[in-house]
Structure formats: structure tokens, C-alpha cells
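Reviewing the structure listed below.
Every chain is named by a letter (A, B, C and D) in the order it is written, and numbering of its residues begins at 1.
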Amino acid sequence: MKQIGALATQAERIVDLSADFRLRDPAGYERWYQHPHPHPEWLAQFAYGLPELHRHELAGARYVSGVGCNASVTLLALWPLYRRGLVRETVVEVKVGSSEGGHRPSPPAHHPERAGVVRSYKPTGHRHVAEIIQELALDPNEPKVHFSVTSVGIVRGALATCHCLLDENIPEKEAWSFYRQDYGDEPFVRLVRARRGIHRYPEPKILTASNYCDIGFESDQANKRLVVIAAIDNLMKGAAGSAVQALNLMYDWPETLGLEFPGLHPI
Amino acid sequence: MKQIGALATQAERIVDLSADFRLRDPAGYERWYQHPHPHPEWLAQFAYGLPELHRHELAGARYVSGVGCNASVTLLALWPLYRRGLVRETVVEVKVGSSEGGHRPSPPAHHPERAGVVRSYKPTGHRHVAEIIQELALDPNEPKVHFSVTSVGIVRGALATCHCLLDENIPEKEAWSFYRQDYGDEPFVRLVRARRGIHRYPEPKILTASNYCDIGFESDQANKRLVVIAAIDNLMKGAAGSAVQALNLMYDWPETLGLEFPGLHPI
Amino acid sequence: MKQIGALATQAERIVDLSADFRLRDPAGYERWYQHPHPHPEWLAQFAYGLPELHRHELAGARYVSGVGCNASVTLLALWPLYRRGLVRETVVEVKVGSSEGGHRPSPPAHHPERAGVVRSYKPTGHRHVAEIIQELALDPNEPKVHFSVTSVGIVRGALATCHCLLDENIPEKEAWSFYRQDYGDEPFVRLVRARRGIHRYPEPKILTASNYCDIGFESDQANKRLVVIAAIDNLMKGAAGSAVQALNLMYDWPETLGLEFPGLHPI
Amino acid sequence: MKQIGALATQAERIVDLSADFRLRDPAGYERWYQHPHPHPEWLAQFAYGLPELHRHELAGARYVSGVGCNASVTLLALWPLYRRGLVRETVVEVKVGSSEGGHRPSPPAHHPERAGVVRSYKPTGHRHVAEIIQELALDPNEPKVHFSVTSVGIVRGALATCHCLLDENIPEKEAWSFYRQDYGDEPFVRLVRARRGIHRYPEPKILTASNYCDIGFESDQANKRLVVIAAIDNLMKGAAGSAVQALNLMYDWPETLGLEFPGLHPI
């Protein structure tokens, strides 16, 4: 954050995997990260590194931010509905694995403590909300997107269950058409639509080591609710994978370069 | 369901662990279980077997229904707020272990498929909603309680994360006082209130084999949201444990008889 | 180790859970623990705290050592055969959970690293061999008991698979009779003898939180090999549980006091 | 087994993944599989499909058998020592995941039963011993290789811990040179030799989805024991991966074709 000036003189292009340049509004750093940004003048120079939402901006960009893993999976789930103004209010529950906590040993990540948990990590106040507010262009004072993260016993993977409360029901066919329109050409978004079987909803287990974001939904017509479910491997599409994908776009390389790695199943 | 008449002639008292007599309204069986109830005249004779909500009714009762595990943990979380009319709308996400699927082997429960999942089980339409509507006295046509269940890789345990959207903020102190008022004398409800540490929220891992329901919450004042979190061991408080507790009440035995089994940690 | 003199003036009786007074021969500390014992004169005053092998010595003892968890499960498996002089040579493979590594976070116990491992911990040179040599009265220079420990992904539990190579085959009936003779009256040793089913061999999973050591075996007549299998919960019978049991013996209290805690299943 | 004649008229080359043509001696089927082989005349036409031991035979072969996963990992561990006649007697303990049990649901593989097990699967009498006897050219009546399999809570992976009891100690340097000589040019065998760190021994966790067999050892000079440790992903090198590798050899294709899939870590 403090060294950006010096680093920029040495690197032709930068993809910064940290959160230091994800927010365009400096006030976001004070509110969500509890400190002022030392170089707010740089914020506007960075593009938010989620290819599906910023493909054109990323093409040729010099400075690209990383993306929050939980923000990514949530944004990919919600984007087609929010950009069309279809949602009244949303509750997002993200279930995540232990690799989200980083590689440094700590009491909560000590195996005897961490194995088999279903542990509320951030019921309120998760920092990735700042990215969601920014990217969905929500009112920061009343975003009406409620966000919680719960840790489960896996190592890799994040599943976002997004309960979208709607003003009016959306026919299922129409909802699918929105997602197909927005993601039909995306190399790393897959729509999951099955009526039967173990894998009728997105599931991080089968995405391990892949760069895919799988998205599906189920409609609760009686209650004007659409439950959008999205899964990623947080160590791929959640951060490093998206960064590589952004890099490919910055240099006009094939977008899938270095990322065509099939999901494993079973694991 | 069909044999209740014959069974009642042979047993002085009945605690029925199935769902056959949980709903008082016969219409609930058609809507949520897709078949009419063959003996609707019996429904009114059964008390709903959740001791915390029906202690007085259970004392001396002859017929008591079991309770749904996911309904139990949700009801215990929401009851103090709903009986006081404080909630506008709620989204409940329950995370559950594989023992909820029963003991019969099946493809989705086959270990190579089931290990390490974060699998959407019922994003919409879960049958336990019927019990929640009944016990919280919600409008069946517009309950405004949205309910999803996600399977995770543990064997025992259920964690309900209840996002209560409020009309007006409730000061935290007041919210705690409601829970203390309602559950302060309950032998199997514990309020979890810690600012720090691994166990600052309820967590099923440390409840394994115990009959406790642990409840805590976190307030999101900026968004008028109260996230109530409740954990149980589904094989204890979720079904069998509550049944034993109900039995104790029916016979005026000490309520904790057969249930004083400490939680294990770590497991 | 250094403070034993001071401690002994303050406590009527001592059960020391560490390894500091487990070995009677001071040379064992130099060889297996790489340092001389500062108070070798105390070693003879301690009884080795495994009740099944030292019941009479423990009754009324003032000073009792703890026992190594992996040594305990191995000793209980091998004792009936070795005291009868029936074994030529043995290879012991113990599979253990993460709680054996203690409660301090560390890189190898960090959940993303530790989850799902099958990790050789000590293929050779494990310190508990010293206790095994002592208790089975083996030749320290040629013990002919080979011992390895492998870590697996559980939290609690140890399973010892002991491949006993025999000079002469022992008829199965006779082998069972030896184990029954030695352990028939033991409150915390159970013999597992089933031809069918999931639980036909001892298994730590179903011993979680209990103080039992389950023992069974299978005979390979063609190769004069007897595979003795023993399971414990290392946090109970492996250390703390045996210490409580020893304490009960020291004070002539009921031997099962504080230890009658049923195994959980499934977990 | 019965259809081999018909199948051979339709396929130019056959790699049979079953155990039907692994043994050259028909008597092996009666002894280890409890039935006579219906077409013993075919047995000599099949090469045993482990490339590291039969590379030359596989080149151009028409009929190749699959290999047992537990036999493979054991054979790769023991081959350099046995072909040099250095071992007196060996005890092999293989730890395996649930995918070895196949894809069909069953009570022992039901997740609540299977999760977190350390379950003795075959203490004696495992069928893969037949392949080990054949490939190491052991005396079938006194093979002096003792073999057990224990199931642990992972899905993929097998770790063989081979306690080789030697007549004479082998200096470590010399032992390494044997392994380097035999496997130095092998594309899918890696020697693991580190004094420190989490991964100082072979470990199936980091081999998930790869075709590697990692091999290392530790010497117990005091007891003339060499503990050879080998790890594979049983769904790759254990069966399907070796079959693809054999196919490549049969057709003189690049040996790594379809198999260059890096290991994942952490998983």
C-alpha cells in the first residue's frame, strides 16, 4: 500500500493480490479496514480484477487489483439480477474452507480445533461487503445485501447461498436466460441446471483445483425468493486464478492460459 | 400414521419420533408431505414435543410428537424474538451433518461422494418449514421465514444461522434479556456470549453427544439485522434427546434424566 | 523433572502425566530423550501407571508415572503374548490423530496441511519404544519389537496394528483364552471378536471419549503371524484416563470412578 | 474372464483393469480368489501392467493386465531391495482411502460410519499378496512378506509402510543408490529425501490426482530395519493411471501422454 509508487517504477504492469487497491472510494478503507489509505490518488488507476464484470477495462490495463474470494463468488452469483434491478433485498451465506485463513498457524486453525467445525466466522461486518457494495453499485448506507461467512471442515472451496428476495417473481426460464446472456461466453463460469442427481446444485468439492465458478439457482415462487448458489475453489477463481485470468486479459493472451486444469472428482 | 389407533390401545403414553403427528392442521400434510393424513382426528391430541415451547402442555400429556431437528434448532433461535413480534422477515440457513440423512446407504451418502461436501440440500421447500410456521404462528401464505439447508462434511451437528431483519434495531442488552428471560431456567439451552476466542459463537462440534442447544447472536445495527446462531447435536436435542426430555416431563421425572452427558472437546 | 523434590513435599501423592518418571533405568533418558535425568534417585520410587500391568503396585502407591499413549495401546495388545514368551519378533504400526501433537499451533498441525493426511510421523526411533522395552522386559540392544507411528486425519484415537511373528502357531482358541485370562476382569479392556460386520476389529472411532481399550486379533496360520489390533482414545486411556484410573487404585476408590463415560457412535 | 476369447477377436490390444489376468499361475486364482480360472491358457499371454517392472515386456504387448493398487505401491517400494536379495522378512501396512471400496454404496462406506475411521480392512489374507509373491518371486509357501490394509478417512490415496527386516544393515547412501539406479529414469517415480519439513516422507495427500509414486525410507541401524514408505493416488498410479501408462508403452506413445497432471497442494 505504501510502496506502490516505488513498485510502479519497476513493473510494467501490476496485479496486486492484496485488498490494498480494490476499493475506488478512499472512505471505504476507513470504514471497512479501520485506517485511511496512504495513497488514495492511486485508487482510480486500478481496475477491479474480476474478469466477468470488467473484461473491457482489464484489456490493456496497467494496474489491476485482486478480488476477495467471498466477494467474487457472491458477485458472480448476484450480478445478472442486480444489474437488471430485480432484487429487493438479499441475504448471503458463504461457507468456506480453512485455506481462506492463510498459511500461518494459529489457535483457531490448529487441526484438533479446526477439524469438523461449522463455525460462524463473520456473521456481520465482513470486509468483502465493501467490494460487493462497490461492484453492485449499492447504497453504502443501506445496501440491503446482508452477508455472513461460516467456516466448515474443508480446506479449499467456497459456496455462496444467496437468498434474493424479489419484488416480483421471475419466471425460471427468464432467470436462466439472464444468466446465459451474461455468462454464456465466459470461459470460467458454468451454469448448473439439473433436476436430479448428487450434483444438481453447484458444489465446491468438484471444483477443487479448477478455475470455474459454478452457478445455479432454485426458485421459491410462493415466497418471491430466488436462491442463487455459486461455488468456487477459493485458491483458484477466488484469488490466484482470477489474477492469472486478469493478467491474460491485460496482455491480450488467451484468457484460459495457465488455467485449463480440470476439476477433480471425487477428492 | 395408519396404526395410531391400535398402538394407542397398547401404550399408556406415546412419543412418536416420526413427523406423523407434528402438525395440528391436516392441510399441512397435503401441502408439505404430499398426502392427506389418514387420521386427522388424532392431530389435536398430540402436543408438539419441544419442551422449551410446550413445557406445560407436555406435563402429563399422553401423546407427544417428535420434532424436526432443523425445525428445533431454528425455533429455539427465533422464539424469543417472534413471540415479541420484533422481526420483519428472516432468512435461515441450516448447516447439517450426514447423520441427518439416516442410516441407509445411498449414492449421495457414499463416503467418496459425501466426504468434504458443501452441498445444497434443500434451498427451498424443506418440510420442517411447516413446523416453523405452526410454532411461530406465521401466516402460511406469507410466512416471511425463508429456510435453506446445506449439508457439510461432519457426521453429527446442525448450525442454524438466522438472519433476522428487524423493523427497529434492538439494543443488544435488551436482546440478551429476552433470551435470558425465556431460557434462563432451561436445563438444555445455553446462551453463548463472548467477545473473543474460538468459541465465541455456538458451534455443533463441541456439542457432540450432548443435549444442549447453544444460542448466541451478533447485531448488525447499521442494517437492522440480528444474526441469531444456534447449534445442536441433531442426534440428541434434534430428535432423540428432546423425546427423552419430553418423556421426563410427561411422567414428572427429573427433566435431565438420562441426558446429563457432557459435550466432548476436541473431537 | 527438576522440581520433583519440592513438589513431593507439597503433595501427598503424585501422578505425573509427563514422561519424566516413566523409565526405571536412567540410561533410558540419555538414549531416548537425549539428556541425563537430573534426579535418577527418584526413578525407582515411581510405579509405571498402566493399571492392567501394575494393579498391585499402584494400590497405595505414592508416586505414579503417566504412560505414553502409543506405548499403552501397544503394551495392552502385546502383554498376554509376551509374558508367555510366544513371540519371535513384532512390527507395530500405530495410526494416530492430531490431538497427539498437543495443543500448540504449528505448521504441521495447521488445518490446511493436516487435514486428510496419511503422514509418517516416526518410522523409527519413537520414544515410546523405551517404555515398551521396559514393560515387556525386552533386550534393549535387540528388542525385536519394531515400532512406527503414522498420523491420520482424525483428532482423537490411536490404533495399534501389531504383527506378531511367532515361532509356533497358536490356535485361535488358545490365544483368546490368554487374553480372557489376563483381561477378563479388567473394567476398561474389551475383547472384540466378531466374524462379520463393520466393527469386527477394534476401531478408535467408536471409542471417542471413552476409557476403553478394545483388543482383537486375526491369525495368519500359513505364515505363523498373529495380527493383534488394539484401539484407544488417546486423550482418555492413552494418558488422562489411565491417570485417573491409577489415582483410583492409589486411593482404593472404585476403579471406574470418573471414567464411566460411554463411547459415542457414530461421531 | 469368461469372455476373453470373444473380446480378443474385437480388440487389437487389451488392457484389462480387473484382476482376471494378473496372475500367471492358475493355482493363484484358486488359492486367493477361491475359484479356478476358466481360461488358464490365456494367463501366459498377459503381461503384468506395472511399467516400472515390465517396461520391455509392455512395449508392443497385445495383452496387459491391470495392477492391484495396494500391490503396486508395495511393489514399487520393495522391488529395488528384493531384486538384490537384501531382505530377510517384511511387514507391509497399507493405509487406504474410501475410493478403494468402489462406487457402490454399502453400510461400511456410508458416510456416518466411514467418516473418521481407522478401520482394519484386511489384517491377513489380502488378495494383492498374490501379485506381490509373483512379482517379487517369493516362495508362495513361505513368502515372508506380511501384508495388512487399514482404511482411513480420506477418499483417495494409499500409503505403504514397509518394514524391511534385513540380514545386514545397508548404508543409507547405498540404499539411495539402489533406488536411483532403478527409478532414476522413471517418469512417475520420485524419491523423497528430506531431513526436515512437513513433507520429508511420501504422503498421498499431495499426490491427489497425480500419477506419481513417491518413495522414501528411514533406516533403523540399531535393529537392521529399513522402513520404506511409498505413496500413490490409488485412482491414478494405483490402477487407471498405470493402465494409461502401459497403453502408452504398448503403442510406443510418449509414456507420459495423458498423465502430466500436477499434484495439488494443499487439498
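Simple rule for what comes next: a residue touches a chain if its C-beta (ideal position, glycine included) is under 8 Å from a C-beta of that chain, and two chains touch if they have at least 3 such contacts.
Just so we're clear, the structure is a prediction, and the values are computed from it rather than from any experiment.
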How short can a path of touching chains from subunit B to subunit D be, counted in steps? 1
Which chains lie in contact with each of subunit C and subunit D? A, B
Contact counts by the stated rule: is the higher one at B-C or A-B? A-B
How would you label the subunit A and subunit D contact, same or different, if same means the shared numbers make up over half of all numbers there? same
Only C-alpha atoms count here: how many degrees separate subunit A from subunit C in terms of the superposing rotation, rounded to the nearest 5? 180
Whole-angstrom distance, CA centroid of subunit A to CA centroid of subunit C, is 49
Dist(centroid_CA(subunit B), centroid_CA(subunit C)) in Å evaluates to 42
Calculate how many whole Å lie between the centre of subunit A and the centre of subunit B, each centre taken as the average of the chain's C-alpha atoms. 32
Going by the contact rule already set, what residues in subunit A reach two or more other chains? 99, 107, 112, 115-116, 153-155, 266-267
Contacting residues of subunit C [partner subunit D, same complex]: 89, 91, 93, 95, 107-108, 112-113, 115-120, 123-125, 141-144, 146, 148, 150, 152-154, 157, 159, 161, 163, 165, 198, 201-205, 217-220, 222-223, 225, 227, 229, 231, 266-267
For subunit A, which residues count as touching subunit D in their complex? 99, 155-156, 208-209, 264, 266-267
Would you mind writing out the residues of subunit A in touch with subunit C in their complex? 97-99, 101, 103-107, 109-112, 114-116, 153-155
